[in-house]
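Below is a structure I'd like to ask you about.
Chain IDs A, B and C follow the sequence of writing; residue 1 opens each chain.
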Amino acid sequence: MLQPYASPVERVWYYSLRVLCGLIIVFLVVPILVIVPLSFNADSILMYPMSGFSWRWYHEFFGSVTWTNALKNSLIISPLATLVAVVLGTLASIGLVRVNFPGKALLISVLISPMVVPVVIAGVAVYLFFAPLGLSGSYLGLILAHAMLGVPFVITTMTATLQQFDYNLVRASASLGADPIKTFFKVTLPLVAPGVISGALFAFATSFDEVVVTLFLASPEQRTLPRQMFSGIRENISPTIAAAATVLVAVATLLLLVLELVRRRSERLRGAPTPIAKSVRRSFLKKRIEA
Amino acid sequence: MATLRQHLLGMTALVGTGLAFAAPAQADLTVISFGGAVQQAQIKAYYEPFTAATGIKIIPGEYNGEQAKIKAMVDTKNVTWDVVEVETAELLRGCEEGLYEPLDFAKIGDKKDFLASAVTECGIGTFVWATILAYNADKLTTPPTSWADFWDVKKFPGKRSLRKGAKFTLEIALLADGVKPAEVYKVLATKEGVDRAFAKLDQIKGDIQWWQAGAQPPQMLASGDVIMSSAYNGRIATAQKEGRNLQIVWNGSVYDADHWTIPKGTPNAAEAYKFIQFASLPKTQGAYSQQIAYGPVNLKAIDGLDAKIAANLPTAPKNLENALANNGQFWVEYGEELEQRFNAWAAK
Amino acid sequence: MTALDDTQATAPGSVPLRVQLRRAERITKLKYLGLIAPLAIFLAVTFLWPIGALLWHSVDNPEVVEALPETTKLLRSWDRKALPDEAVFAAFARDLAAAHGNPALAGAAKRLNMERSGFRSQLMNTGRKLRVEAGQSAKAAVLAADARWGEVSSWQALARNSTPFTAFYLLAALDHKIADDGSIVHADPDQTIYVEILLRTLWMSVIVTLISLALAYPLAYLLATIPSKSSNLLMIMVLLPFWTSVLVRVAAWIVLLQNEGPINRALVGLGIVDEPLQLVFNRLGVYIAMVHILLPFAVLPLYSVMKGISPSYVRAAVSLGSPPFRSFWKIYFPLTLPGIGAGGLLVFILSMGYYITPALLGSPREQMASYFVAFYVNETTNWGMAAALSTILLAATLVLYIIYSRYFGPARVNQVAPR
């Protein structure tokens, strides 16, 4: 807050910081604000000014086999990849947090490395390796590869969450006679659920936004939404792209909202308010952006 | 314990669903072509009638002619593409390298019914197309008439566009440099000739915006991003039909045939033959040429063409006057090194 | 659980409690390791092994040995100076006869053509034409099929590929090659590009990192210092683009930056420029989009560091008479260095691997190392070159990643803290 007794220098500093940050925020948000309205444009060129309102491009999007197939593929692949990543990642995180052994830091670095290895390298490697196994051009291959890319996010969010977890609660539950399974579902899971959910969201977003590995691995049958957008941008920039983009923005907003709800819920459970970015800080390296 | 078991069961079921998706449904035919307007025309002229006639569903896919995926599929014996449209050089090289099934013409038709250049060991031609010079007549008041004009940045200031790749681009550079069509491949087979082509390209390197997919030139021309471009003639003709004022310069066009091939080891070879046979009939080929301005290779289809359509095809005598036939064998021989050099040159 | 088992440990005559406890601990430890194992195995199979196999391709050289087994065996002991003797020619003729019509020969021809232009036709034509008549020497027959076999350099190229491993690709990826006399020399100028590409990759990553940090710093500062109600909203504005697909953002930037796009229209309309500026499909467009995508990666670590800095430090300095700017620079800024390091390194590492953004928004001159990996895989099917370039890019990335995880990384953050 600007104090009433602030000096002129402080005033200039105060306002220029805010103006600068305003501009940066505009820079961050404007692309999304620009593309969404264009999807309702009546004109057939992806360009401003808009000539009128129309649902035409959504009809085109949902009426085209290519686009609906791509959407369907994304909705098959991403949830399954998320499931694999979350199950394997959560189990491993429990182990990693509870036990110390030599080389553990190295192991964690290795488990997280799919996030930093250039995606093209991961894509080519997986492609050359999966092809002889009959996994290239198959849903299973894509699901496994996407799960591999999602694992680091589950690991980072889960280990962070589990470190906050008070293990005495498990002991208390055991001493009161609950078996380990019951303890897990009644005590552990509710408390670590926010971590699981945010890890899952990150893994989902990673898969849902994945192009490069898909580029190498998928045959036309398995084309995902981002993969179809890649062709679209390169080959045929039509407003259908804007409609597809709007669908993706809607998904992103939904994910962000769920994450926010999860954060609020975990705040309530813990009884301590955490600023929004605290969970962000814990997960540290966030969603992998491949581009 | 029961809860855990249920969870495990649920998970197994889910993974099982995933596995089920991994196995492609029987008898669907994956047909890969060059996408965009070509694919639209193929869907109308070939895919939809074929599915209607045989009940075999076609999954259309597109690519830009890269052979790597096919090689990986064949090498690893995991072939998921059943029929592929390829350009001549890739066809010949792929045949040598064992990527494509040698064709049994008994299952396709009489060899005599087709243009001689359309019949090769591993492929059957499907249409004749040309790379031409196209321009936006709304933006250019004086029309360019040759590739030399394409290089004239004083007379025609502004960006221009060429296909990102050595094939056709080097030929065009030599044509612009005054080499006669008949001499182009002779010159290009020498180190000096290649240097000459690259030196010519150097003159306008800063003014070139490269395209990769056939759908790009008409868009870039229409939006005014470039004033002229090399392009596939059929794409420009399609854009004309959609009301864009784009024009074609046939002088110095480079024409080639595209071919249907069957990647070696596809499990759906029988259906693939059925499709190729169907797509090589005079009737379907004629229908294709009505959809997009590419010439048929079935002689009976050529005879049956409407005169108005025929005049816009690369094979019309008027359009062939100063045209260059792509030399597939040359590109089999020099393609890899020239593409590599081109890529290094473009990136500098 | 183990705590319950301990009650029996006091029974007389049993193993001492200490030993029992240790054993129980070991079992627990094994259980937890058992939880890590599935993921470790999963990643080994879907990630580590494939990457290892890819790196292997950068030295793997099977084509010529497979197609010409006898010839290459003999050539390994050839002095590589004068033309090889009749025995080699005879072996060569036998190999060619055996390989005729076999795709392996085309593979070898493709490989040898990388060594010397024209080798493909030399080998393929010889394979087609070669007939050794009775009583004719193999050498005469081979030379009759193609006179180029009379040049020592043809055989030197074959000899360089007579072993199943090669340094060819790795050297080529560093703009070098092995000359006919066996020495390592610079590649031809029209083929040299990769050192430049590697430097370009580093340079573009540096620029993107610096711009991202410069923009992230004030934004993170504001986020960390304003009340949490307003900061929550601001954070959502940072996170929304972060969660939005990269392709959506690339498409949006094309719309915004194109010749007839809103930015150019505004510039022309306001009379700032006469003609639309080229803002996209060049370096500028790539920088804009990359910074846009990577900015949140710089904001978040900076923010989390700044949030931990107590405002009282700077206040104390100011109250002790230090001017505000000096206090900021001497007190606050040094405390944020870990955030700058973490955010900067993260942005840098991610930039190095960029492919989609330059591919869609740049010209060939903006393409980075990843593009060339994809080029060799997709367009010329040259897995050796793709692997060699991957090896170099991966090595550069790993060095940075090691620095990162050593000083800022999750491995450090996630060390088990005794509670």
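Operating definition for what follows: a contact is a pair of C-beta atoms (placed from the backbone, for glycine too) under 8 Å apart; a residue touches a chain by one contact, two chains touch by 3 or more.
Note that the structure is predicted; figures quoted are calculated from it, not measured.
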Quick check for you: compute each chain's CA centroid and the global CA centroid, then name the chain with the smallest gap between them. C
Based on mean C-alpha positions, I'd like to know which chain lies farthest from chain C. B
Distance-wise, how many Å sit between the C-alpha centres of chain A and chain C, to the nearest whole number? 22
Which integer distance in Å separates the CA centroid of chain B from that of chain C? 31
How many angstrom between the C-alpha centroids of chain B and chain A? 37
Where chain B touches two or more other chains simultaneously, the residues are 72, 223
Of all residues in chain A, which are in touch with two or more distinct other chains? 47, 127-128, 234, 237
Any chance you could list the residues of chain C touching two or more other chains? 258, 260, 377
Per the touch rule, the chain B residues reaching chain A in their complex are 1, 3-4, 11, 14-15, 17-19, 21-24, 30, 32, 35-36, 59-62, 72-73, 75-78, 80-81, 212-213, 215-216, 219, 223
Chain A to chain B touching residues, read off their complex: 45, 47, 76, 80, 83, 87, 127-128, 131-132, 134-141, 143, 181, 185, 219-221, 231, 234-237
Help me check something: in the complex, which residues belonging to chain B touch chain C? 66-69, 71-72, 93, 96-98, 164, 198, 209-210, 223-225, 332-334, 336-337, 339-341, 343-348
Residues of chain A touching chain C in the complex: 1, 9-10, 13, 17-18, 20-21, 24-25, 27-32, 34-35, 38, 46-48, 84, 88-89, 91-92, 94-101, 105-114, 116-122, 124-130, 144-145, 147-148, 151, 155-156, 159-160, 163, 166-167, 171, 174-175, 180, 205, 208-209, 211-212, 215-216, 226, 229-230, 233-234, 237, 241-242, 245, 248-249, 252-253, 255-256, 260, 273, 275-278, 280-281, 284-291
Interface residues, chain C side, partner chain B - complex: 102-103, 106-107, 110, 113-114, 117-118, 120-121, 124, 190-193, 196-197, 258-260, 281, 363-365, 367, 372, 375, 377-382
